[in-house]
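Right, I'll just put the structure down here and ask away after.
Each chain carries a letter (A, B, C and D) given by its place in the written order, and its residues are counted from 1.
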Amino acid sequence: MSGLGIEDTKARLTAACEAIVAAKDALCAADRAIGDGDHGVGMARGFSAAAEALATKPAATVGDLFKTVGMAVMGKSGGASGAVFGTLFMAAAKPLDGDTLTTSGLADALQEGLEAVKKRGGAQEGQKTVLDAIAPTIAALRTVSGEDITTALKTAAGAAKAGVDATKDMVARTGKARTLGERSKGHVDPGAQSFALIRAAFAGEDATLAG
Amino acid sequence: MGAKTKKIVNDVEALVPEVIEGLVLASHGSLTPVPGVNALMRTDIPDDKVALLIGGGSGHEPMYTAYVGDGLADASVCGNIFAAPTPDIILEATKAIHRGKGVLFVYGNYAGDNMNFDIAAELAEAEGITVKTVRVMDDVAVPKPEDRRGIGGAFYQVKAAGAICRTATSLDQAAADLERMREGLRTVGVAVGAGSLPETGEPTFHLPDDELEIGMGAHGEPGVERRKMMDATSLAKEMTRLVVDDLPFRSGDRVAMLLNNLGATTMMELLIVNRTVRSELEAAGIEVARTDIGPYLTCQEMAGFSLTLQRLDDAIEGWINAPCRSPAFAQGA
Amino acid sequence: MGAKTKKIVNDVEALVPEVIEGLVLASHGSLTPVPGVNALMRTDIPDDKVALLIGGGSGHEPMYTAYVGDGLADASVCGNIFAAPTPDIILEATKAIHRGKGVLFVYGNYAGDNMNFDIAAELAEAEGITVKTVRVMDDVAVPKPEDRRGIGGAFYQVKAAGAICRTATSLDQAAADLERMREGLRTVGVAVGAGSLPETGEPTFHLPDDELEIGMGAHGEPGVERRKMMDATSLAKEMTRLVVDDLPFRSGDRVAMLLNNLGATTMMELLIVNRTVRSELEAAGIEVARTDIGPYLTCQEMAGFSLTLQRLDDAIEGWINAPCRSPAFAQGA
Amino acid sequence: MSGLGIEDTKARLTAACEAIVAAKDALCAADRAIGDGDHGVGMARGFSAAAEALATKPAATVGDLFKTVGMAVMGKSGGASGAVFGTLFMAAAKPLDGDTLTTSGLADALQEGLEAVKKRGGAQEGQKTVLDAIAPTIAALRTVSGEDITTALKTAAGAAKAGVDATKDMVARTGKARTLGERSKGHVDPGAQSFALIRAAFAGEDATLAG
């Protein structure tokens, strides 16, 4: 089964970084509804540093690329999202010790990332966080693990999007939105939106968010 | 939506280092930047001291940035506006102030801060530095105690932590003392107008012209209840009730009380509020032994305030009343 | 014109007495109202002391209302918002704090204050109490020196007057010391947003969204020049130049400097401004020996700040650094 | 030559007080243009106290009535206007030691008041203050000092109004407007406006100010 090579993976990760930077204002607007309005600021700061690092740091494995993104985000974003996305990418890097990214390899990596984020932040699925976009993406990738990764990523599109939409009806129990309680309903989670955006850009889809 | 708030700033990307530089200059030699990261520290940390590190997102000045000095923190670490500092900042500051007795981390209980400080603590432990953490979690607007945010009461926690670490012989004891104190600390906030994020110029929320929000967080993240604007007396009664009933504070208790200005509210208003809080507490048999009124933890130009009560015993009162010096707060013996 | 500013108040007609009541409660026994008038005084004025009375219109809290206590004023007299106190208030407070050595009046140089305090001084003299007056007049925005308004520099004048009167043996000497100090005191203000009058809810001026006003008075009375909004560095340079050139402060001078928050401006912004003021002063060979940053004399929720420089000699530095205690400002030895 | 008796004078002074209270908002608006926006607040406070005091305090001379007004304003208004109008009425009271107010008696009283205000505040005519409405009023009364006071007051109407209008072109050199310098031109002085209002109401004319 074929997969993405290092250069291809790097290009797609770079596109994902750029999609986040471009969505800065829209992500802030989403965070204003249920948080403190800065989600886009921190994400853009971290992922623009990640794009720069990808361009300069050498990589022997696809995992090195994920690690480069994770370290840049962890070191530059700050806030909850810096720790969450930094942890996600750094943990995802661990199993990716080859020079090819396959569908099941990505699913395993995201699974590792998901566990690390849950451990780090203490949150569970269903609490209106980025976890609610990651978990369904992994599940979708698993159902098509035989498929080529470029096809599989597209198949997973619906799952990530559905995951984001599902956060609309959830009540926040962590992060800055938690005091809103019932009033947090009706708004999607900004971190979940960011993850869906990263997936879309990585899949080579149009990855823009309406402000 | 009105015009963007005018801020007297330069490049917003360089905002935090400029704040640190301004503060170091204002300290006249008692503070210095931690090289390479957005943090600052005392120049005169005694050997053998249990070190105290505080911090969080910027934009709440003087908290946490400016409460560094003798009798207060040994370092503060500064995230970007309303964003927890990254682990590398925290780690560098931790290493810079460690004097062999371990480092106490004191910061507000937010997902972002918890994760970033925890990562830094693990990295520090890996380098052989013992870290203990006490999270400020005083906001009664959040129902579940373990989820509570750290707001105005951070001032009493930082003040006491400074006094405790000044004489503490062990990190464990310092952390235990501060945690015991925290059991008697409660705060509630209210906003009548929004502050704005310097990076975007946008207000962090929108309140109708005739409403206020009780339980508003220190970043403008939503509170518990929107209400029609009310007079100072009604509002003060409501807020006193929320704080007193939560612990609950009881007849015979002695307390320290803080009316924290969130930004654009006047001292005039807070003094008017103070009247009613005092008469309500007196009616409940609660004695106020100390009053602090002013901007201690702000949220940019947010209009509103928070009311904090700290239950006292002799030890806690001693820590709060102990002398200290910093660019933002000083008191004599 | 936007919505009226929300204020956390009760009946605006009772505003000043409620502020006094709140402040007396916050003082925990060290202050008490002067019976029958809008004024408050220390409870522990030593016998034989040269008494110090400060005051002016309310709405600028903590100035002047809250700067009463050991090492500061013996009484403050409170006019209505932005309005000089009436002579009867001043006279009653003067009589209440007189301890046989005369009373020093310190207040801002405004037509309304001058007239009302002068009338009270004449009435006090008629009752056998000697009064001396020193008017704060530090605002470089006013060209004629004798017309200058009293703005942020009032803090250093009040602080020093408190220290001077604490040990002064004669009223004349106290007044002379303070006047000599005043020769080296200069301030300039800037506003980027308006405060509002609680009685009317109306902002006291209107500034276009992209403008600021240099020389704005502490009541929102117009300044000297409207300019396009500028970055912190350019603004700080401009203001430093206005203050330095006026005296002028010269290479070799030592100064105390105050960045006074007029209301809604953040400490974050003032720290950023501090960087540039310091580098400009350093370039001019002027040494800053002490820095004060915070809300000392406000104008409701006005956004903006003032920059004060006080030229120091050993005596003046000693007065400013002397210990004091009050609900608004305290410092140790 | 006839004049106003004590009851008639009291009624007219009361009308003057009421006119000031009614003009509160308009006087604040005038003060916002060149001062700190509170002129109406202080004036209304002082003159409503004056109206109350007139209703209760006994008066043996017309001077007693002026003194009652002056004491109330001095004790309740605060600000520059409290001292200015308090001083004006208290000083004006001194020569009015009879039970009748005549044209020349009023001119003398206002002259006494004018001098006292100048002494108290250190300002001169031409500096955009209340003085610029008082001085022309006195001059106008002097030119018709043979006339009955009710007629004379009407004759003086033009002078007071012209005095107020003239402040429009003056540069403020005292009070809160002084920093405005040249920019104070184009606005009338609020204190002068108040004096003209008092004169109009005392003369029995319509005494309202457009906000």
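Descriptive notes on the structure:
The rule is short, and it goes like this: a residue touches a chain if its C-beta (ideal position, glycine included) is under 8 Å from a C-beta of that chain, and two chains touch if they have at least 3 such contacts.
Because the structure is a prediction, the values reported are computed rather than measured.
Looking at subunit B and subunit C, no chain is in contact with each of them.
When chain centres are defined as mean Cα coordinates, D lies farthest from subunit A.
Taking each chain's centre as the average of its CA atoms, subunit A and subunit C sit 54 Å apart.
In this assembly, the C-alpha centroid of subunit C lies 32 Å from the C-alpha centroid of subunit D. Centre-to-centre spacing of subunit A and subunit D amounts to 74 Å, using the average Cα coordinate of each chain.
Residues of subunit A in contact with at least two other chains: none.
Counting only residues that touch two or more partner chains, subunit B has none.
Viewed as a contact network, the protein chains form an open path, each link joining two chains that touch.
Interfaces, counted as pairs of touching chains, are A-B, B-C, C-D.
Put simply, subunit C touches subunit D in their complex at residues 57, 79-88, 110-112, 114-116, 118-119, 139, 141-143, 147, 149, 197, 199-200, 202, 204-205, 215, 217, 219-224. Here subunit B touches subunit C in the complex through residues 2-10, 15, 18-19, 21-23, 25-26, 28, 58-59, 61-62, 66, 192-193, 198, 209, 212, 229, 231-233, 235, 263-275, 278, 288-291, 293-295, 298, 300-301, 303, 305, 323, 325, 327-328, 330-333, going by the rule given at the top.
On subunit A, the positions that touch subunit B within their shared complex are 25, 28, 32, 34-38, 41-42, 45, 74-84, 87, 120-123, 173-181, 183-184.
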